[in-house]
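Below: one structure in structure tokens.
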Amino acid sequence: MPAPLRVAMIGNGFMGAAHSQGWRTAPRFFDLPAIPEMTVMVGRDPDKNAALAQRWGWAEASQDFDAVIARDDIDVVDIVTPGNLHCDMAIAALEAGKHVLCEKPLANTVEEAKRMDAAATAAAERGVLAMVGFTYRRVPAAAFARDLVARGALGTIRQVRAQYLQDWLSDPEAPLTWRMDKSKAGSGALGDIGAHAIDMAQFITGQTIDSVSGVMETFVKERPTMGEGQGLSGSAGEGRGPVTVDDYAAFNGRFDSGALGTFEATRFATGRKNALRVEVAGDKGSILFDLEDMNAIQYYDATAPATEQGFRRIYVTEADHPYLEAWWPPGHMLGYEHGFSHQVKDLVEALAAGVQPTPSFADGYQVQRVLDAVERSAGDGSAWVSTQA
Amino acid sequence: MPAPLRVAMIGNGFMGAAHSQGWRTAPRFFDLPAIPEMTVMVGRDPDKNAALAQRWGWAEASQDFDAVIARDDIDVVDIVTPGNLHCDMAIAALEAGKHVLCEKPLANTVEEAKRMDAAATAAAERGVLAMVGFTYRRVPAAAFARDLVARGALGTIRQVRAQYLQDWLSDPEAPLTWRMDKSKAGSGALGDIGAHAIDMAQFITGQTIDSVSGVMETFVKERPTMGEGQGLSGSAGEGRGPVTVDDYAAFNGRFDSGALGTFEATRFATGRKNALRVEVAGDKGSILFDLEDMNAIQYYDATAPATEQGFRRIYVTEADHPYLEAWWPPGHMLGYEHGFSHQVKDLVEALAAGVQPTPSFADGYQVQRVLDAVERSAGDGSAWVSTQA
Amino acid sequence: MPAPLRVAMIGNGFMGAAHSQGWRTAPRFFDLPAIPEMTVMVGRDPDKNAALAQRWGWAEASQDFDAVIARDDIDVVDIVTPGNLHCDMAIAALEAGKHVLCEKPLANTVEEAKRMDAAATAAAERGVLAMVGFTYRRVPAAAFARDLVARGALGTIRQVRAQYLQDWLSDPEAPLTWRMDKSKAGSGALGDIGAHAIDMAQFITGQTIDSVSGVMETFVKERPTMGEGQGLSGSAGEGRGPVTVDDYAAFNGRFDSGALGTFEATRFATGRKNALRVEVAGDKGSILFDLEDMNAIQYYDATAPATEQGFRRIYVTEADHPYLEAWWPPGHMLGYEHGFSHQVKDLVEALAAGVQPTPSFADGYQVQRVLDAVERSAGDGSAWVSTQA
Amino acid sequence: MPAPLRVAMIGNGFMGAAHSQGWRTAPRFFDLPAIPEMTVMVGRDPDKNAALAQRWGWAEASQDFDAVIARDDIDVVDIVTPGNLHCDMAIAALEAGKHVLCEKPLANTVEEAKRMDAAATAAAERGVLAMVGFTYRRVPAAAFARDLVARGALGTIRQVRAQYLQDWLSDPEAPLTWRMDKSKAGSGALGDIGAHAIDMAQFITGQTIDSVSGVMETFVKERPTMGEGQGLSGSAGEGRGPVTVDDYAAFNGRFDSGALGTFEATRFATGRKNALRVEVAGDKGSILFDLEDMNAIQYYDATAPATEQGFRRIYVTEADHPYLEAWWPPGHMLGYEHGFSHQVKDLVEALAAGVQPTPSFADGYQVQRVLDAVERSAGDGSAWVSTQA
């Protein structure tokens, strides 16, 4: 009989819904060594938090983070708050002896990320483990792409193209939200979605970005402010306010192997909704992952006879593909939130085995250093900046 | 405070897992007028059934169908057994005053379906309602396709192409399972997947198939039998046994509007895993739905300027698309099992409002008449056969 | 020094432009054993014919078919007139000792085709050779598809799906042209484009269609007549006239191997401009050819490891692909008219070697028997009709 | 009766074959105000040149460039030699009073390009005109993309992604050719294919790249030398030699409007054969051109209702699309060499009208300045470099 694993989730926004679905669903499909219990959800607004906790299946609701992390009946703290709160919360939870799952990006600044990494290292010595939530690693097609690379199917990797393309700001009248406010969001397209492109490129290649040369831009400098109490879908208010983060970031990066990569993160790619694309080319083959076609991977085998080479679209839905044995027959699609179930599975298995889950806070810190290096490069006329700590 | 809606599910195979996910998940994302309670799951093998009931979140497990439908604390009976059991179970449940959700195809024979339709009609007079589970209607892209047709975007519809292409039998050494046994499965590709192609074509067009001319074929007449106790993925046993159902069915159909359709259901379309495709062409436009690309619809607007016409690939992930408001931001994909949550939503809403859910048993009976007409046509040299009752 | 091969072309419509491009271009790219000379073009209207002959590069223009085929300085007669003239012209040319290239379909009726086949057989005994112009066989991707099948890459073929989809009649106000007049065109979608689907399916599989069951339809029975002197692009005249051919034909066919095929030819597939598609599925793999993506072939290798199977899109532009060595580097596209150059190459090589070019009049006659069988089946309630002579 | 336009072509490599096809074919399909005569082809090797002149349809062959440009019976000099010869030849021809068509890139250095531009400006005052051969502008889909942008369909353009991806060097054992020798080729991927990406991005947007920040790389520093007398397809010789040009170039560019662009030119994009892709995003829409799908354009209309937005794939084969009226019915594909016929058409029309053909030498010089700025930026740690003269 598997032991329970008691979870407190901090935050109740869009990511809270996704994480809740992961905690709720993973044990229904996977044989886990411990069974997650959705013990308590923490949020600031009592009414909203209580209602969502019930909706999403959390046994209790609380407004008191400190009290929650002090409880004996909590094993894991899952942090899905805005980025500016990650650092203090994650360190406090680790110090309270709780395993931590923290949403990406790990922090809003490289200094915070460094402190978090140090706290995670210290906690690990006490058997307390930390993980950062780059969930897209758990899309089966992405995991399979990594497997292909890892077994040498691509040969020597020479170049990478990683993009995260969205378009929700291409309309200059789209209203101002907290995501365009540097004090809360840290950065714009770069940290929000560029972080995914960086992590995915490093994950699939198994390589690290050593240095970068980049540019960032805010195309639309002012936007309509939103009326009181309105959410993301609110209509515009009467005034206008400044956009203090980037709309767009593009950079060239050098991997530790010597491979080169082009990276692009934008909220102005009209028509592209959620296009996290990573193409990796080696001397024996190449692969293309695209989150807008997330159940498939494109694979080109350059060792096939010349007349038979072509990008093949593999539906990553076979029982032998990563995570798939738990789900449906071949050809039945998975969606966005399945990655959160896979994240729960991997985290629970790591915790039960007492091994470091991945991606670790060190991995998150490394991504943060790349983000920071891009910002510094962009501020210094695109001069090359090292990502070394 | 919404009332509870207490559910008994009969059957615990692959479809049971999918239905359970629907019952469990729908109230987490949709505001339902009644909250489903997963009261009891019924299955023959006590140990397997108890284990799966716990896994999937059912409060109780039972082996006694009759006792379960006699209980006062059951409102809905959800039947996910093989097709040969549908008729007796559905009628018994309706007569016991329970609402019924019955998996497709409604029955294994047209006579059974006719009796079920009559029972549903009688039950409806007592406020007891029945629905058949053509879940693919609830894929947002399919529902949106129907909306486009319904508002006249395609003009006068002239032709339809509906296919359900799979390939799991194209290997002649794939082993014999109950799905190739006529006594259990009723028919092969025709009833299993052709039924979906028929329902989807009628659903999207809003039209009815009046008559058909078809052909059926069993390409591989004998297959290796499976060893004892093996599931779908079991390796072959030592003997060989006869395939008593069709591998392939193709037919031409005439709709009540005069439009013509080509239909194909096959388990031999090598490389096609789950390709339910429906293309509908009218004088003002056309649409193509493909279940292997289930988050999108292809739409061609023939009223645009000639130089600007083209099939546009619409990601059906906007908040205003069917069912999408409950889920994720634009560009975030849904998967196979979301249709089961949507089915629960639609059923619960219809039951709460006391209106007939769709598709009804009458709709299921109509599909069954098409299946039957195809079989009769195939047995009569492809002569045209009416689908009228 | 290669000998000249002196050509007379009969007809000066759209096909005349395409054939002229073939005759003119083939010797510029291929090393031919004889060099085509564009000696004379025959047409009815003297002014138009003279102007087009000069435009297209023919040395002379003539209105006198009989005189031209009697000339000593003509080696090949290339017939690109409407189908109702093929039979008499081809037989006369063969009897005059000229090699003949005749556009498809070979004739408007099966009786004509039979006579032409007999004439070709008789001529062949005198060393006079005949070929029918199913040019799409010469699209490199189609030729490569056939090669894949021929070397067994697909294993045992079970099913075929062949479609030729166009949409130029889906507008019910599209005007009446000679192609909708049975006395000139013979049939509508069936003979015009269905003939290509039939030939391509037989060509790629290397198999013959033995029997068929089909349906034909004229969706729009009357259309606006065109004003005087107007061409295909003319605006509608004032009256309306009857459409006397089919808009749409669909049939099931049985190949001599036992494989089954679905076939569809339509001018009402809104949004499909020139979609000649042939998908062939065997137990070891499958291929998809699509004329709207004519520089590529989709190939699925079912013998690859299960996790690595997928349709691969092969650009058929490598030097080792059929016909490609003569053209451009990999990745440089060919277009519609290249097939006509390839046809010239193959014909000239066959004539120089004194061997039968393919497709022969016997092949054309076989396609005509399939067309005829479809018409008879459609007229007999879709009863199965043999294509045997 | 149109006047003749007498052409001398200098060079007889791959580009000579393509240009010859353009000169030969354009007057067969377009109504030109002057009829090109293929008067003389100039090449160094007498036997090879004479043979190819005959093959390609040139009336004479010559080894004497100076004598040819001095002839009275030459109106146009078409230069298709390697880039290091462009400057002297083009200037000499212009000074001899001949119109000049010069292949891209205009020159191997920015200094040469500047001199050529000056010579063209001076010649224009005497009515002698010059054009540079960025032929891909004449792909109908590219020209149509520009038309869409020019009429405002995309609104305010914010970002551009332009790539030219090839893979013929991804195998480290691919042999050394003149294209990897800086003394002959000037640069590698950057000048050869990056020049196309730059020109196409500027052409479609109608904007100019003002400044750039870039990186260049030679992944494989040594390659097998080729044996004597071997062509591009020759097998490797015994030694190894240095690669003195770039394999890869990537840069960020700023347009004069303030829009940003990412640019990539590579011969290491395994699986990409000839992928010149330009995506342009504005606040009202976006377009994607891909040379590997050259008969179509992807267009996204962001002004459509939110539920109906999607990239539409427009086959650019309608009679009203650029250049198409001369060719085949809708849905019939054009290929690589059609651009050369279109180039001839546009050049002949400009010469007949006495107006400047485009792209001019000034346009070619501007592209050259971008190439030069990228090289300087790459040599200066990716510092931003202006492209101003």
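When the chains are written out, they are named A, B, C and D in that same order, and each has its own residue count from 1.
Everything that follows uses one rule, which is that a residue touches a chain if its C-beta (ideal position, glycine included) is under 8 Å from a C-beta of that chain, and two chains touch if they have at least 3 such contacts.
As the structure is a computational prediction, the values presented were derived from the model and not from experiment.
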Check: chain pair from A-B, A-C or B-C whose contacts match over half of those in C-D is A-B
Contact-pair count is greater, between B-D and A-D, for A-D
Whole-Å distance, C-alpha centre of chain A to that of chain D, is 41
So, in whole Å, the Cα centroid of chain A is separated from that of chain B by 35
Note: chain D sits from chain B at a C-alpha centroid distance in Å of 54
Check: chain C positions touching at least 2 other chains come out as 309-311, 315
Per the touch rule above, chain D residues touching chain A in the complex are 154, 156, 158-159, 161, 167, 170-172, 213-215, 217, 219, 248, 250, 252, 258, 260, 262, 264, 266, 268-271, 279, 281-286, 300, 302, 309-311, 381-384
Given the complex, residues on chain D that touch chain B span 144, 296, 299, 306-316, 318, 320-321
Interface with chain B, chain A side, in the complex: residues 14, 17-18, 20-21, 24-25, 27-29, 55-57, 166, 168, 233, 272-275, 291-295, 315, 317, 319, 328-338
